[in-house]
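Structure incoming, see below.
Going by the order they are written in, the chains are A, B and C; count residues from 1 in each one.
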Amino acid sequence: MSAFHTEEMTLNMGPQHPSTHGVLRFVIKADGEVMREAIPDVGYLHRSIEKIAEKVGYHGFMPYTDRVDYVCAMFTNQGWAMACEKLANVTVPRRGEYCRVVAAEFNRLASHLLTVGLMGMDIGAMTPFLHALREREMINDLIEELCGARLTFNYMRIGGVAWDLPPGWREKALAYLDHLAPILDEFNSLFSYNKICIERLANVAPISAADAINYNLVGPNLRASGVNWDVRRDLPYSVYSELEFEVPLGAGEWGSQGDAMDRYMMRIREMVQSSRILRQALAQMPDGPVLGKVVRNFKPAAGECQVRVESARGDQGWYVVSDGTAFPQRVHVRTGSFAAMGMIQKLSRGLMIADLVVLIASLDVIAPEIDR
Amino acid sequence: MQLWLDSLIAHGVFGPHPSHEWVYTIAITIACALVLMLVALPFASIVTWVERRVWARIQSRIGPNRVGPNGFLQWLADGVKHVCKEDLIPSEADARLFKLAPYLVVLAFILPWAVMPFSSGLILADLNIGILYITAVPALTVVGILMGGWASNNKWSLIGGIRSAAQIISYEIPAGLSIFPIVLMTGTLSMQGIIRAQGWAPDRWFIFANPFCFVAAFIMFISSLAENNRTPFDLPEAESELVAGFATEYSSMRYLFFFMAEWGNMFIAAAIVVTLFLGGWQFPLLTRSAVVMNALQFVAFMVKCLFLVLVSMWVRGTLPRVRIDQMMSLCWKYFVPISFINLIGTAVWVAIFPDGNAIVRWGMLAFGVAIAVLFASRVITFTRRSGMELYLRPTI
Amino acid sequence: MAVANSYFRNIKDAVVSIFDGMAVTASHLIRRPFTIQYPDRMPVRVQDTLPFRYRGILDVDLEICTGCLACDRACPINCIAMAIEKNAQTREIVISQFDIDMAKCMYCGLCSEPCPTGAIHHTTEFEGADYSLESLIRRFIVEPVVAYKPKKGPEPDEDVAKLLGRGMKYVDEWAQPGSDKAPAAAPKPAPATSPASNEKVP
């Protein structure tokens, strides 16, 4: 066979592609179907959001945080609000914290529904995608009643949240959670436990725990590899210490630990846990104000602070430097998708092109979060 | 049809001394054209409407329902739109092969219509190698798709074309092997012969004749899905990986030709399975009028074929796509050995029970009915558990 | 032997899981589709079904605008351009320009929060697409308008009172302390608010 001349093919999975999650580009060096390497190219969605913070001030930046990761806008809102509150020593009222948890967990449900649906679409099953999006539309309806928008919520403010729960909303939310539980089982029957799905996802790009930590993976990706780290439980913020929930861990039941199937099933299990948190939070919500007293002309003391929030994509870090004026000096967001992109080049060696799509979908990479 | 033409010649319809060959040739040409214009092409177009509506209901959507009554003319609007589109040929592409490829694929779709057994009298050509012809001809799609993939001068198209070639060629084998049990049981390759060997009652269908044929029916159906590039085997046109695979660079009518061939082939695949396993056009003998019987048989054939086409669409809406190496291992490690076992098993069976065995037949039928009942109960369970509203009307 | 076991288990798993999957999709075939057929086959206009807090296209009720410029200051993207003058003799504020550039607006709602009367508010309208970019700049002032001065007691003029009622419903509901035991506090009747109150609203 050595006399048979073969060449490596360089393919461009360009910024316009039906299955990259957002505008991403990969330069794939492939030997037929098997890849030698897939080099990611990011930056197509860079909007200088962190620089914009320095121009619009603390209150005005809140809608921009929605756009950092528009699928999980509540978490970015919460991260920014918590960072500013830490800088200025503002306490959020208890009901405000509970409203934040309720909104955030609904957003986690919506984001995970989108992720598992996209996984379906990426491996060719269009139906689970639409079923998942139907459920997500119902969550969007709920949140639209709560804060007025379906995607870029701008719900949280520095010092609490903007709106209290409207009358009758709690009953609708609980009815939705009751509706969701059998639908998730049905989704699993249709898609997650389907033999073809398991064959496509199991044993694809297993990430060991050491690799996951070294490459800065966070969130469900990290937990799928067996590393037991969840910011809500280990560095509790807001009122998560008063709520009971489990943190699912990957154990390689369908393939190896940390493979794509584990990462995918993490999200299914986290949805179940989010439902649990939501029921508790809706039941335990105390009365009181939802927004603390914060001046309009917000000028925190000079200093820096770092805050971590467990977003649907993982541990999201917000680092804010204030110089005492009404505009921050530097804002930086450290997102899980950015780290995940760094790992793709290493993981893609030896995978097939079809597996690259599965890998990106299982890492739950969202382009606006990478580029900001 | 030959008998009918002979009687017409004897009555002097074509003049005093016509050349039989000329009469036959012209008649068959006209008949082929009629079948294509009235059955094949409309089917390939209208089935897109059905597929989109069925697919949409599976996905909790509605599907096209505006153009024409319930969206019935959507395919016409799509066709007109595609005709009006710019015909792009990439500058570096091999223009001659690029243009030729869709025609080959459509040719592979059109040729099998010559042996479609619509009823006991309505068949264009009852070849005595009918079933072999109908299995061999769709292999032309390989040539067409490979040509399209290569001539597009696009690496993604090339990957799609090569995947498709590997897939279609591999799945010809289980498909062919699944035909042979039936041929063993009937001793003939002709379509009408195979249908006449079955009866109108379900227990007389070959699918229930013995367990090997039951398995062979499913393998035949799944292999035909693979031959048509239908999900779960639609790797060549895998939308989420390869944009449109081998058809990426095609626009307007050339693109539609590829997909018209795919949708039309669904019918041919269904017809093969119906002929071999589900009794073809067989219908209980109600009247002695040949015209009425032919019409009823035609209806029976179409109903069975359309049901299988519906199943094919339903499978498309349910299953994800397999990867190329999994598809290969599925074919060579699972389907081919099982097909061989079916073949040998049927050979032994025919040796032991030359006329079949009533107990086994009824047993298999009962088994089939039990599976259907189990399926219906699962459907009812899922519907009840989801708590969503029922809506049984097909149109909305 | 393990290979044979896994071989048959694969076949069994495939058959069972595909059977289940097909049952789920068959069950969906008989369910009502979730799609609503907008805009023509709907019983009610979509705009009338949207919740009260929906952040659609902005609108300004000039009758109750106090000319305080709080919305102009709050907008992070500077899409509101206002010009006011203080008439020296009558001590009235006159608004001569009130433009909102909807092309820049990001529907965040930060402008409607500090408004003392709820003059600037989001409607439930979302169909704003048009052919030119200039048409997206909504100019609310045709000729200079005298700003509204909130009354100490209830507003006497009925039309203005209606607008004020709607506006204050929003203002009062925003960041309202909540309780799950008592029903939500009814919005206060046309209140006596003064322009100075926007300082203490967070």
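Keep in mind that, in the parts below, a contact is a pair of C-beta atoms (placed from the backbone, for glycine too) under 8 Å apart; a residue touches a chain by one contact, two chains touch by 3 or more.
Computed from a prediction, not measured in an experiment: that's the story for all the values here.
Peer 1: In terms of C-beta pairs in contact, which two chains are most connected?
Peer 2: A-C
Peer 1: Compute the centre of every chain as the mean of its C-alpha atoms, then state which one is farthest from the centre of chain C.
Peer 2: That would be chain B.
Peer 1: Where the CA atoms of chain A average out and where those of chain B average out, how many Å apart are those spots?
Peer 2: It comes to 44 Å between the two C-alpha centres.
Peer 1: Roughly how many whole angstrom separate the Cα centroids of chain A and chain C?
Peer 2: 26
Peer 1: Measuring from the mean C-alpha position of chain B to the mean C-alpha position of chain C, what distance in angstrom results?
Peer 2: Centre-to-centre distance between chain B and chain C: 54 Å.
Peer 1: What positions in chain B touch 2 or more of the other chains?
Peer 2: If we look for residues of chain B contacting two or more partner chains, we find 58-61, 317-319, 382, 386.
Peer 1: Where in chain C do residues touch at least two different other chains?
Peer 2: Correct list: 10, 18, 20-21, 23-25, 28, 34.
Peer 1: Two-or-more-chain contact residues of chain A, please, as numbers and ranges.
Peer 2: As it turns out, chain A has residues touching two or more other chains at 127, 131, 134, 186, 189-191, 194, 196.
Peer 1: Write out the stretch or stretches of chain A touching chain C in their complex.
Peer 2: These residues of chain A touch chain C: 56-57, 59-64, 66, 95, 99, 127, 131, 134, 137, 144-149, 152, 154, 157, 159-167, 170, 186, 189-191, 193-196, 198, 285, 287-296.
Peer 1: What residues on chain C touch chain B, complex-wise?
Peer 2: 10-11, 18-35, 37
Peer 1: Help me check something: in the complex, which residues belonging to chain C touch chain A?
Peer 2: 10, 13-14, 17-18, 20-21, 23-25, 28, 34, 50-55, 74-77, 106-110, 113-114, 122, 173-181, 183-184, 199, 201-202
Peer 1: In their complex, what parts of chain B are in touch with chain A?
Peer 2: Chain B residues touching chain A: 55, 58-61, 155-156, 159, 163, 231-232, 234-235, 238-241, 243, 317-326, 382, 385-387.
Peer 1: In their complex, what parts of chain B are in touch with chain C?
Peer 2: Residues 54, 56-62, 314-315, 317-319, 334, 375, 378-383, 386, 388-392, 396.
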